[in-house]
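Reading through the structure tokens given below for one structure.
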Amino acid sequence: SKSTPEAANPEPAPVEKTKFVLASTTSTQDSGLFDVLIPAFEKANPEYTVEVIAVGSGEAMKMGENKDADVLLVHSPAAEKAFMEAGFGTERRDVMYNDFVIVGPASDPAGIKSAGDLNAVMAALAKGKAPFMTRDDKSGTNAKELKLWAGASVSPTATANAADWYLSTGQGMGETLKITNEKQGYTLSDRATFLTSKGALDLVILREGDKALLNQYGVIPVKDAAHLDGGTAFMEWITSAEAQKIIGEFGIEKFGQALFTPNAQ
Amino acid sequence: MTTAATICITGVRKVFKGKAAVDVTRLELKPGRTLALLGPSGSGKSTLLSIVGLLEKPDAGTIELDGVRVSVADRAARMTMAAAFQRTYLFKGTVGENVAYGLRLRRVSGAETAERVAAALERVGLPGWQDRSALTLSGGEAQRVALARALVLRPRILLLDEPLASLDPIMKWRLTRDFAQILSEERVTTLYVTHDQDEALAVADDVAIMREGRIVAHGPVDEVFGLPADDWTAGFLGMEPAIRGRVLETRDGVAHIDCGGVDLFAIASVTTGSEVSFGVRPEDVLLFEADVVVPVSSARNRLDAVVAEIDPSGATFRVVIEQGSVRIAARISRAALADLRLSVGTPVQALFKATAVRVAST
Amino acid sequence: MTTAATICITGVRKVFKGKAAVDVTRLELKPGRTLALLGPSGSGKSTLLSIVGLLEKPDAGTIELDGVRVSVADRAARMTMAAAFQRTYLFKGTVGENVAYGLRLRRVSGAETAERVAAALERVGLPGWQDRSALTLSGGEAQRVALARALVLRPRILLLDEPLASLDPIMKWRLTRDFAQILSEERVTTLYVTHDQDEALAVADDVAIMREGRIVAHGPVDEVFGLPADDWTAGFLGMEPAIRGRVLETRDGVAHIDCGGVDLFAIASVTTGSEVSFGVRPEDVLLFEADVVVPVSSARNRLDAVVAEIDPSGATFRVVIEQGSVRIAARISRAALADLRLSVGTPVQALFKATAVRVAST
Amino acid sequence: MGIFVDAFRGGLDMLVSGATDVWSIVLVSVQVSGAAVLLALVLGIPAGFVLGTKRFIGRRMMLVIANTGMGLPPVVVGLVVAMLLSRRGPFGKLELLYSQPAMVIAQLVIALPIVAAVSAAAVSAVPRELRLQARSLGASPWQEAFMTLKEARMGLIAAIAAGFGSIISEVGAVTMVGGNLAGKTRVMTTAIVQYTRMGDYGPALALAAVLMGMVLVVNILLARVQSSAERFEA
Amino acid sequence: MGIFVDAFRGGLDMLVSGATDVWSIVLVSVQVSGAAVLLALVLGIPAGFVLGTKRFIGRRMMLVIANTGMGLPPVVVGLVVAMLLSRRGPFGKLELLYSQPAMVIAQLVIALPIVAAVSAAAVSAVPRELRLQARSLGASPWQEAFMTLKEARMGLIAAIAAGFGSIISEVGAVTMVGGNLAGKTRVMTTAIVQYTRMGDYGPALALAAVLMGMVLVVNILLARVQSSAERFEA
């Protein structure tokens, strides 16, 4: 059966349970990972219940700043670094990574499949033969995309016909993939979201496996949060062997391959 | 003004919840004449008016305008008419806008509209009221605006449903006189619903009386008011029912009628031996004390009767007197009532002229 | 029924757009009496009625109920009243629901409500109409439901604004008689706005006449109708204005009055030598041809006058006659008009009794 | 149209099979929107009555505000309510963010102007004389208001339907202040959005059908009241 | 309140500085919602007139549908319109998805029931006799309808304000069918959501203020018409 957004948490929580808020990204939630992860956590730590708020990485960190979240699970290394430096988090740990893929129409009008390295890919895309969808939402994916352009020394918005090919969707990965599909253009997607929504799309993976396409997730308990204990417990648990094993197996049953690679130290 | 319009409705029925509110075999509005429609509350007058005005679709029957069958869908036919309803409905806006409404629909020029609106308002006694809000008028003011709104169109057919009901007598009589003049001068064919017989008398050429959806009497004013068609109509008009008699002889246009032993004379062309019914208008009957010697007069008819009923009727009194099977009413003043010391059972002499007797063959 | 209510309004003004619609120095509704309020269209009758009914706040002035000052905020005071407006407004729902509305507000039991509603509907000639929709009634039916809705409450104070305007004469007279009886039996203090003097005569004990917001005449029916306070009031009531004269002598309660050479006799207690004004009701004046010998009668007054005006007024005629400065009107029938061959300028004899002359000191 | 049929059938199967705890989602929807709609009626109808019947200074301004309030973007309402309730915000102490009360507040803010503006218009169409008539028969101000609302029922039902509709179908604000927490603040609309985001059109459409069914049932009931007024018309 | 002030000031700076192309966003909003609202009025007001004045079989059902339509979740509308217009959907050939016409369609579907239901209620409050009176003075069916709408203007303005409000503030459907493409289909609400998601509450609030200002101006204009009716009242 398909994954569902409902957590299997039928019993009402005993009174003494503490509730804490985990702010994460929509891509993580949309993949269905939390549907297995959260129940497992709550079983292992019966004194807690978790509330997952799925937003963009940017907003998730804003929630941290505002102390509306107790712990973050995000994937935007540069922003995470800034968050830590501003003193909003207690500590940051790697949790897992998945990888990004560049998807596009099977016909590959920009010819990126045959391009040499990623920089060549980006340069080819910048020729504007087909639209490229940017999420433009300060998400982890968006940050990674901008890094790729920078690496190739291309400024897409500065190209002559940017308005025609470099399209800002300002939305989540799922929506951006749909738009890419309609436009039969290209975009950078995390593998999990692409696999989840592949059924409705006429898009294929054109680039994958490049080192620069890895997508690192980190966990950060929020300093001075109301339920920092819960956040810390979550960090400890998700980096534990037990949780890492669950992550490593997630998706195999449904997609035939794991969606995330655990890499907690 | 084009030629006067004729309206003829035939077999018209309108049924509400199984009850026929209107059920009229035939009714004609004659060209240029005013038909007063009377009848008790709920008898179907307003319903009939909206059917004639092509506002309400009858369940059956036809309406002919100048001999051509018309229906609610005929806008051209409706454009020749104008109506003021029993309950006044004015549009939000000024009095002037209300009165100008129909003219604007007819694309009358601004200058002419202003002029005609002013004249119409003047006519209903509201000169210069153009800029007043139409929603804050008194009952009578509103009714007059609604009237002006219809009159200003100079329609060929005018449908008025108790247009003067909320007016004081002075204004009412002023407008009544105005109406009578306009309607006959401009040869507007008019259906005029009213509860006031005096008003009908003043304005109308013809009268129809409705009862439970049917027309029970219809004809020229004098005829209908002079000789009610049946007991019910007589009662409704506040008259005694017609009296039946047999024509003994006719000489020089004067019919000598016998009714159960009482002899009466009437100006009527009826055949000797025929059965007739007749009546006398209460205003035309003079009463005297039973024992006085009444001087010779032009009154051909004299009854030695007895007072059967005395009813106050506004400022005057209605005294019903009887001799044998002849029962007639007399309208007399309070002073006369006192002078004659009348009470039920008092013997009186009643005098009325042969011309006061209205006769109809049965 | 508790004791009858008194209402006294003092210095009441209501101004709309700079014009005083109501400007009444003082008006009293006497306990258990019916005050008929007459006046031309737009004179402020309805506005005054809503002020008395505590529905509209006056801009100035006080309203006292049984000597206690009350205002629009006094619900208890309003609960003793019930009103039927000039324009009928019924609630969406059945006739029964409408009539029961006030009773439900007063928490009258269901059984009693049903009984009283049935009785009230019966009284207005709509027996068993409880379940009819109130929105599809004819004009007169709706008006009667509104009336029943007020009557059913058996209020201490009843405010009726032309309650019978849309009714046919038969129904109107039936209800008028009913009213007169109920109102006096139950000692309901009533303000009764009407345009119909006959109706006022039949129902009311007192009359007030409004003109441009002011009360220009006020008093018992006989007094106000008998002797109009001024020219305007007389004209409004369709009468001749009061005549002025000087009392020459008073003997046995009969005053001998001289007005510019014409001698008249009246039953009145006035002092010799005083200036008085007086009038004669048109119904009380008998006309004779100028040259006939009028038999001796109880009529003390005789004028040798000339016809000055003839106006049709409904089914009767109003003939104004003049002798010197004395100008009075006579109401006569169509038959009499014809018999006397009257036209303007015709000399006539006019007879009326001393009791027919209404006198007021000036 | 196959795209619809397939998706829908799949979704329905899923809902019926009970694999998803649909009913808990529906329950939360009913609780939250029920409370919000009740509050919106309790506050909005009296406000509409006053705006529609009384004449006072500032009334026109308040009408403009109510009408403008109907254009308040739910996401802005959500944002502002979220900021107010945020732990750093002025009402942070209450810890209401991501709870049902927060959703009720946001929905109330959305529905209130609609209920007030539409019922003001409805009530203002009742002739003033009808109110005076009620008063003259002894109605207290409350009874008079009740009568007026009854007379205006056609428009009032439209106000209620519009207010309810705006609330039950809203997703932006409830997501922001509710957080779409499964079993707690996940309502039908947020669940629909999430399924859609996950590409599961089937359950999304099936849930939408359940939602529309609910709205339909409510409106059929409301229509009975609405057309009860017409029973009396010509 | 510091949280608001700071955010807002920052946002305003950003808008004023021209760093963001606010005006293109506003322009798209005006184009799309303007077209949708016009269409909604052109279709909805006549529909409301018919529903409010005529008696025909199926009328009550249509009223229920209109009322229910007010509860149509914009996301569902968005989803369905998106599915219809998607490349795999029945109208894929038109290539309308993620274009302004698609947004107009979705917004129209959202506003139409509101405009129709509220104006039906407004129009039904105009006494039938007033229409008959107009007809008796020579009004054609169109002129009669126009007069009726004028009489019902208070309620009609509420209908327009509600319809406009529902459209201009809507985000779920326009996102789904418009795609929030910068310079093409990005409107104020979708931009607000985007900023919010990015944690940039400042520009979000500033844009919301611009949006509300626009709605306010429109409603001030509408209020002039609305209260012009009251000039004539007591």
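Note that the chains are named A, B, C, D and E in the order they appear, and that numbering of residues resets to 1 at the start of each chain.
One rule holds in what follows: contacts are C-beta pairs under 8 Å (C-beta built on N, C-alpha and C of every residue); 3 or more make two chains touch, one makes a residue touch a chain.
From a predicted model like this one, the values you see are computed outputs, not experimental measurements.
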Starting at chain B, fewest touch steps before arriving at chain D: 2
Contacts common to chain B and chain E (chain labels): none
Shortest walk length in steps over touching chains, chain A through to chain B: 2
Chain located farthest away, centre of chain B as origin (C-alpha): A
Classification of the chain D:chain E interface as same or different, half of numbers criterion: same
By number of C-beta contact pairs, the top two chains: D-E
Where chain A and chain D are represented by their mean Cα positions, the distance between them in whole Å: 35
Distance between the centres, which are taken as Cα means, of chain D and chain C, whole angstrom: 57
Computed distance of Cα centres, chain E from chain D, in Å: 17
Residues within chain D bordering two or more other chains: 86, 88-89, 201, 233-234
Touching two or more other chains - residues of chain A: 65-66, 175, 200
Junction residues of chain C, two or more chains touched: 87, 136
Pairwise chain contacts under the document criterion: A-D, A-E, B-C, B-E, C-D, D-E
Touching residues on chain E, where the partner in the complex is chain A: 3, 82, 86-88, 97-98, 175-176, 179-184, 186, 190-191, 193-194, 196-201
Chain B-facing residues of chain C, complex: 16, 38-42, 45-47, 86-88, 125, 136-141, 144, 161-162, 165-173, 195-199, 201-202, 235-236, 238, 281, 283-286, 297-298, 312-316, 331, 333-336, 339, 352-353, 356
For the chain D and chain E complex, residues of the former touching the latter: 1, 3-4, 7, 60, 63-64, 67-76, 79-80, 83, 86, 88-90, 113-114, 117-118, 120-122, 124-126, 128, 152, 154-155, 157-158, 161-162, 164-166, 168-172, 176, 188-189, 192-193, 196, 201, 204-205, 208, 211-212, 215-216, 218-220, 222-223, 226-227, 233-234
Chain D - residues contacting chain C, complex: 127, 129-130, 132-140, 143, 147, 150-151, 229, 231-234
Touch list for chain A against partner chain D, complex: 1-7, 9-10, 21, 26, 29-30, 32, 51-54, 65-68, 172, 174-175, 196-197, 199-200, 226
